[in-house]
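These notes concern the structure reproduced below.
Note that the chains take the letters A, B and C in the order they are written out, and that residue 1 is the start of every chain.
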Amino acid sequence: MNYPEQLSTLDSSLPDETAAMIEKIIEAWSLLKTRQPLVQCITNSVATNYTANILLAAGASPAMIDNPFEAESFSSICSALSINLGTPTSEQMQAMQISAETAQRLAKPWVLDPVGYGPVLKWRSDMVDALLAFQPSVIRGNASEIGGLAGAQVESKGVDSTLDSTAVYAQAKSLLAHAECIAISGESDFILSRQLEQVVQVNGGSELQPKVTATGCALGALIAAYAAVSPVTIATIAAHVHFAIAGKLAHAQSSQVGSFNVAFIDAIFSLDADTIREHADLKFLAP
Amino acid sequence: MNYPEQLSTLDSSLPDETAAMIEKIIEAWSLLKTRQPLVQCITNSVATNYTANILLAAGASPAMIDNPFEAESFSSICSALSINLGTPTSEQMQAMQISAETAQRLAKPWVLDPVGYGPVLKWRSDMVDALLAFQPSVIRGNASEIGGLAGAQVESKGVDSTLDSTAVYAQAKSLLAHAECIAISGESDFILSRQLEQVVQVNGGSELQPKVTATGCALGALIAAYAAVSPVTIATIAAHVHFAIAGKLAHAQSSQVGSFNVAFIDAIFSLDADTIREHADLKFLAP
Amino acid sequence: MNYPEQLSTLDSSLPDETAAMIEKIIEAWSLLKTRQPLVQCITNSVATNYTANILLAAGASPAMIDNPFEAESFSSICSALSINLGTPTSEQMQAMQISAETAQRLAKPWVLDPVGYGPVLKWRSDMVDALLAFQPSVIRGNASEIGGLAGAQVESKGVDSTLDSTAVYAQAKSLLAHAECIAISGESDFILSRQLEQVVQVNGGSELQPKVTATGCALGALIAAYAAVSPVTIATIAAHVHFAIAGKLAHAQSSQVGSFNVAFIDAIFSLDADTIREHADLKFLAP
């Protein structure tokens, strides 16, 4: 079953391919619950508590070690690393470099979330550029951040924040030179991988998710948690599916942001194999 | 209709005056939802997540950029700025000065929340004194902080924390030399403005609000958000009314602090014009 | 009524002894609600908001003053101090030393929570060792942290994180040379005190508590709050009983972590004398 080229943005998933991926997601989820991997998070001041609670709810063991004096020894024993540039301090910036270098050297999976990447926030953007040298396993961000980063690494295209994730994913392919997976969050999420010919589109979630702060930051850390127990591509897709299902189920519980957020954490926690099979909504898009 | 001097603490609102203000509040609320202004918050470690969630629920776009290396460029593009002295770090202190200077230079509204102002906490109090040079649009605090700040700027009066907001608002007038509005939080809130002969009293809220940390801090940021889309005086009153209504409605949902807090965020989010008209409780007090 | 040596891990409580302790806990709880003591918390970035909310719900007045420039003056006026090593910064490290020294000098109760103590996290572990010189009133941690600290102070025993709190409490006795009480958190909590021949075991809680981040950190701060209004041993036991009851009641409300956490804060807030009498579950173990 082949789709003609002009239908490339339509669903080109083979039913078997999607079903096989869902079983792999279930396996990754099960391993996350069982192994409770230790995930180091260097993250922003808005996201620390929320990220830790999301990781705990999902089954991982978070540790927010973000000082330069303990970064190397801790990155040496953790199972995965998540670096988020939301509200960096000078000490965190040093820790990021040490931990990213350590993760690369020891072949541990690590996720880079270039929050706010762009010309206005030069200090962090320069650090993001520098961190690319340590070859993150996954780069995750919204369309503006990923588009900006892709543009900056190739040529400046004046990418602005009005770009949606559909428009940016073609451009994002260039970032596969720096990372095994690129994940772009939006109304639908798009995941590019060196391992896949196709782009994976993950649907679901809720329009309330962007109304709760730090959900994207926590998603980056959850990718790291999954990557501690499964291959990077599966991990990236699994984390996005986990979030998308939780957002959908939480919205069914409440359409108010405060209650939605409580229900969202509940749904992250209560996910199981049947729920994944019933609600996972992903498509393989022709390249 | 004139009130004799001795009735000055009673309600001197003309019904038309109150009704007109409520319509202006509704207009400000509507603009906040529509324009989703970008609000820079330099705030304390307790308040970051909560403040971001309150701003998102109200319709604004928060950004917690608080490092000195990106402060100038970010303050140049944001629509309003909120500075809160709760748990300052040396880097935040530098960022506060740069951002306040930038906001003043570019005529952007900015709110100063002098948390803990007083002789015990000299480092931050000296910074608050210095920040007054950049002419905040609004200074917001509890009676102790505002009374202390007013006393320190005029003469030391040994203001202590037992002062309530009613007692302090006369004294606070002197601070209008430094800011367009002064807001004093308490069981009732009092707002003084260069634009108004009278003092505005906002009632409502819940006695549970002080049992949830960072509500005052988030209120300061919400004033900034409103000031991004409406005149400073309207913005200050609107933010207080928004909070007072949400507190009242949340308390009707739950009398336990954990559940109250969830309901409070729900109520910040679900506010609408009819709710404002039904529940806004404000008075104009004779000067 | 004497128990033979081989029954030493069984309940050796005299009914009167337990009942008398419960009345002392109730008295401590009542004083906490009435006096609302000012508690300084130098804590980690994950725990700040949660700790403040737990203290407020319990009746205390939290203040997260954690910079070295205000540490001495604030520690001089607060009623108790809580130091937590979760995510230290250089400025916090300086503040910890100043505040601990001030608390000792002025004979104010203070609690040390050596989060992550062990050879991997040397920077903080060295600081914990140094802080012992200022004689904390209480050292609180999980079995791995307390076991590690006990081992490091006596001799290195290669204590690992698989130790449970039952196994570690004998070893922890050596730490009574440094602090009046030692509290070990786990499925059951164990409290050792210079004032008690026996070890106090506190039961209750919920297996969901470890799934909510920063609960242990908040417990450390709650011990400090209780110690501001009651003797250190009573305070330590009371805080653990308060948490254990709240965890048990919250779990009866919800078995999902997000909702559980909301219910937990509600239960911290709504505790009263009857609830303590009905649900307190503590035992005195023969030494």
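To be clear about the criterion, contacts are C-beta pairs under 8 Å (C-beta built on N, C-alpha and C of every residue); 3 or more make two chains touch, one makes a residue touch a chain.
Since we're looking at a predicted model, the values are computed, not measured.
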item: Angle of rotation relating chain B to chain C [CA atoms, steps of 5 degrees]; value: 120
item: Interface numbering overlap (same over half, different under half) for chain A and chain C; value: different
item: Whole-Å gap between the CA centroids of chain A and chain C; value: 36
item: Shared-contact residues (touching 2 or more other chains) in chain C; value: 45, 48-49, 89, 261-262
item: Contact footprint of chain A on chain C as seen in their complex; value: 44-50, 86-90, 116, 120-124, 210-214, 254, 256-259, 261-262
item: Complex interface listing, chain C residues touching chain B; value: 45, 48-49, 52-53, 56-57, 62-67, 69-70, 73-74, 77, 89, 91, 261-266, 268-270
